[in-house]
Amino acid sequence: MTQAFKRLRGLAGAVMVLAVTSLLIFVLIDAAPGDPAEIMLGTSAQADTLAALRTELGLDRPLMVRYLGWLAGVFTGDLGQSYTYGVPVAGLIGERMLVTLPLTLMATVLAVAVSLPLGVMAAARPGKAGDGLASLFSQVGIAVPNFWIGLLLILGFALNLTWFPVGGFPGWGDGFWAALWSLVLPAIALAIPQAAVLTRVTRAAVIEVTNEDFIRTARAKGLSRRRALWRHTVPNSLLPVVTMLGLQIPFLISGAVLVENVFSLPGIGTLAYQALSQRDLIVVQNVVLLFAVIVLAVNAGTDALYARLDPRLRARK
Amino acid sequence: MTRLPKSLIIGAIITAIMVGAALLSRVWTPADPTGMNIVARLKPPGAAGLFGTDQIGRDVLSIIMAGAWTSLGIAVVATVIGGGIGTLLGVTAAAKGGRLERLVMSFNGVLFAFPPILSAILLGALLGPGALTSIIAIGIFMVPVFARVTRAAAIQIWARDYINAARMAGKGDARITMEHVLPNISAQIIVQLAIQTGLGILSEAGLSFLGMGVSPPTPSWGRMLSESQTFLDAAPHLVLAPGLAIAITVLGLNLLGDGLRDLTDPRRGQNG
Amino acid sequence: MMLEINDLRVAFQRRNHPPTQVIHGLSLSLERGQTLGIVGESGSGKSVMSLATMGLLPATATATGSIMFEGRDILTMPERDLCKLRGNRMGMIFQEPMTALNPAMRVGAQIAEGLILHKGISRAAARTEALHLLEMVQIPRAAERIDSFPHEMSGGQRQRVGIAIALALKPDLLIADEPTTALDVTVQAEVLDILDDLVTDLGISLILISHDLGVIARIADRTLVMYRGDMMEEGPTERVLRQPGHDYTRKLLDAMPRRVRASLGGA
């Protein structure tokens, strides 16, 4: 089988997965109770006004036509109008992403910054005090819910010490640092379980690579233990770590929904959650699709990153 | 006789205590977990009951015990159903290979794009909140996890010589899977069941924290935390008790899973 | 004497068991420019001895006796000083060319690494020297291959890279642990010849470890026979092969195909 064909099949597979995913979302949302026209106009609206709005929204068209219309909109950036906010959904999502994206990014950076040195330190001296500390951190970190960490952080650092705001987001317009500051506690809450998982994976990967022959070669060249560790062992241990980063994305997204709720951040998770309780289904539909696309895209991106980290895989692509 | 891994012993003890508390709550709790008592509201631990009382004077220990039943129940049911479907898909994909395997893995890809909270938002729109929504939402995410693990494990078994021998003897894919593959990957499945039940507990807590889990008055750890937010300053014990209950239960299940893995696969013992 | 090993004993700790000794009192000496062959079957302690000489025994091993390299004892030398010796004054070539190179690093960079570390030269200068080394170990089209990854090379080529790494700083002592065992028979002789020529040209002392008497006979001045961590005999290669002083050596010789034995010129 030629490589070009394989690549094409991979791409076709991804498109199929996206198509099925979006159809699934559309059908489920369509079957959900709640008439958009009634939600927009209120229960007291006249029957003929409702009918007119339904026609205007195109709700009287067949399911497949509406589905394809939605997909076309996704590609042109027209996701429809929110039933409750009365503004374009695309703008709404874009605005909320300005909170969620920095939050998840900050959490990921924090998680990597903590877990990489911790995991490497644990692996460098297995069974020693540092290793014990790292394994305690990863066991506990995996077990604690991030929204609970969020509550504890608020209790300690916002209510008792008053270093941070209890919640809310001032917006990027009112000063960059104040906005960033308000994301610190949520990012920590989101990062701890991620860091716990990554510490564990890093430790195992580094231990495995440490026993490889080429580490001995590096040492025989005169590299100190430390230098061999960072120049030869760690770069070769990153593959499983990157895999895990990719696999953690669904949990990062779930976590963001929860943590945004705890800290009353106007992010995309809060948007989805509020839209659900107000039955603003068009928002729910688009947000869920966005999340699904992110998960799938990150998975594809992880595969691409593999090849960069392990030259051996490039040949197989 | 080899010594049992420490993590297995600790994990089994914690899990046994939590399961015991959940079962006990069906017949006895120190106080009625739904019984209001406005006079004795927001009492700290010790002053009224072991863990204090909540905003409407309910005994926190009693709600925690009853909440264990909710959390464990939903997590276990979701994991067993989702894990069962996932395992079925995984071993079928491994047995048949080819186009069917690719189809199953693509399907996996679709399901993997729906973490529990997302499915719950979607299903919540359709079914409304409740135990069923929670179980389906959590179970859906278990399917790709189990399919992935069991497929990888089953493929290794299929490569062994005795499978060829069984094939020569004229046994079909289904029979070989039942007689040879499943028994040989059962250890991995059990390990995953323990660890994924832990994740199920975390997910259930998250869902009920957002109000998408079981409806009141059914006690739930997540909702206790959600309600405690209002009294964060006045009654911090309301934040601590349910959070610790969640963390300890998940920790116990994870240790149990790790311990079982060490027991069945000594090569990975250093991961403990 | 450049290398003198006295009564070396190495034991490994095991969990819940008494330590196992794998080398029971080994002594040898090696002069500058000499080639010593160490022969013995797998598990005879040859590789442990070579790692001990490099100061690279794993933490679970304990060694007693002494390994004097130019008058200083490797076994008691601080790690800092050992790092200055390794790669610089003594180099090592390993058995498995497939796994002995870092898969994520270009071969040129792997050769240059030791040069930069010990000589403190610039990256560019080290690269020029690495290119020269690749030519020295007869890698065809070295200027192109310098940016290859190990997986893009054949086993024989990788082992040549291994030789280039070990010889980069023209060490006084080179330890080659079964350098040709993992290679195809057709390239074994080539690699061995390259090794032999370079060692002779550069005046390097070589310890060649092999289970193959044919390989030893080809290049070793002196030969040491090991069996299960014990030294059976030691002497000039020709004497050891022609008039083995020990039953075990005779068995090793008898185990060889007749034609090979004939080519050794004895027995």
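Which chain is which? They are A, B and C, in the order written, and residues in each are numbered from 1.
Going forward, a contact is a pair of C-beta atoms (placed from the backbone, for glycine too) under 8 Å apart; a residue touches a chain by one contact, two chains touch by 3 or more.
These numbers were taken from a predicted model, which means no experiment stands behind them.
Student: Where the centre means the average of the CA atoms, what chain is farthest from subunit A?
Tutor: The chain farthest from subunit A, judged by C-alpha centres, is C.
Student: Measuring from CA centroids, which chain ends up nearest the centre of the complete protein set?
Tutor: Smallest offset from the overall C-alpha mean is found for A.
Student: Roughly how far is subunit A from subunit B, going centre to centre by Cα mean, in whole Å?
Tutor: 22
Student: Can you give the whole-Å distance between the Cα centres of subunit A and subunit C?
Tutor: Here the centre of subunit C sits 51 Å away from the centre of subunit A.
Student: Using CA atom averages as chain centres, what separation in Å is found between subunit B and subunit C?
Tutor: One centre to the other, that is 54 Å.
Student: Please name which positions on subunit C make contact with subunit A in the complex.
Tutor: Residues in contact with subunit A: 54, 56, 79-80, 83-88, 91-92, 94, 96, 99-105, 110, 113-114, 117-118, 149, 151-152, 162, 165-166.
Student: Using the touch definition from the top, list the residues of subunit A that touch subunit B in their complex.
Tutor: Subunit A residues touching subunit B: 13, 16-17, 20-21, 24-25, 28-29, 31-34, 126, 135, 139-140, 142-145, 147-148, 151-152, 154-155, 159, 200, 204, 207, 250-251, 253-254, 257-258, 261-262, 272-273, 276-277, 279, 281, 284, 287-288, 291-293, 295-296, 299.
Student: Write out the stretch or stretches of subunit B touching subunit A in their complex.
Tutor: Residues 102, 106-107, 109-110, 112-118, 121-126, 141, 198, 202-203, 205-206, 209-212, 225, 228-229, 232-233, 236, 239, 242-243, 246-248, 250-251, 254-255, 270-272.
Student: Applying the document's contact rule, which stretches of subunit A touch subunit C when the two form their complex?
Tutor: 212-214, 216-225, 227, 231-232, 235-236, 309-312, 315
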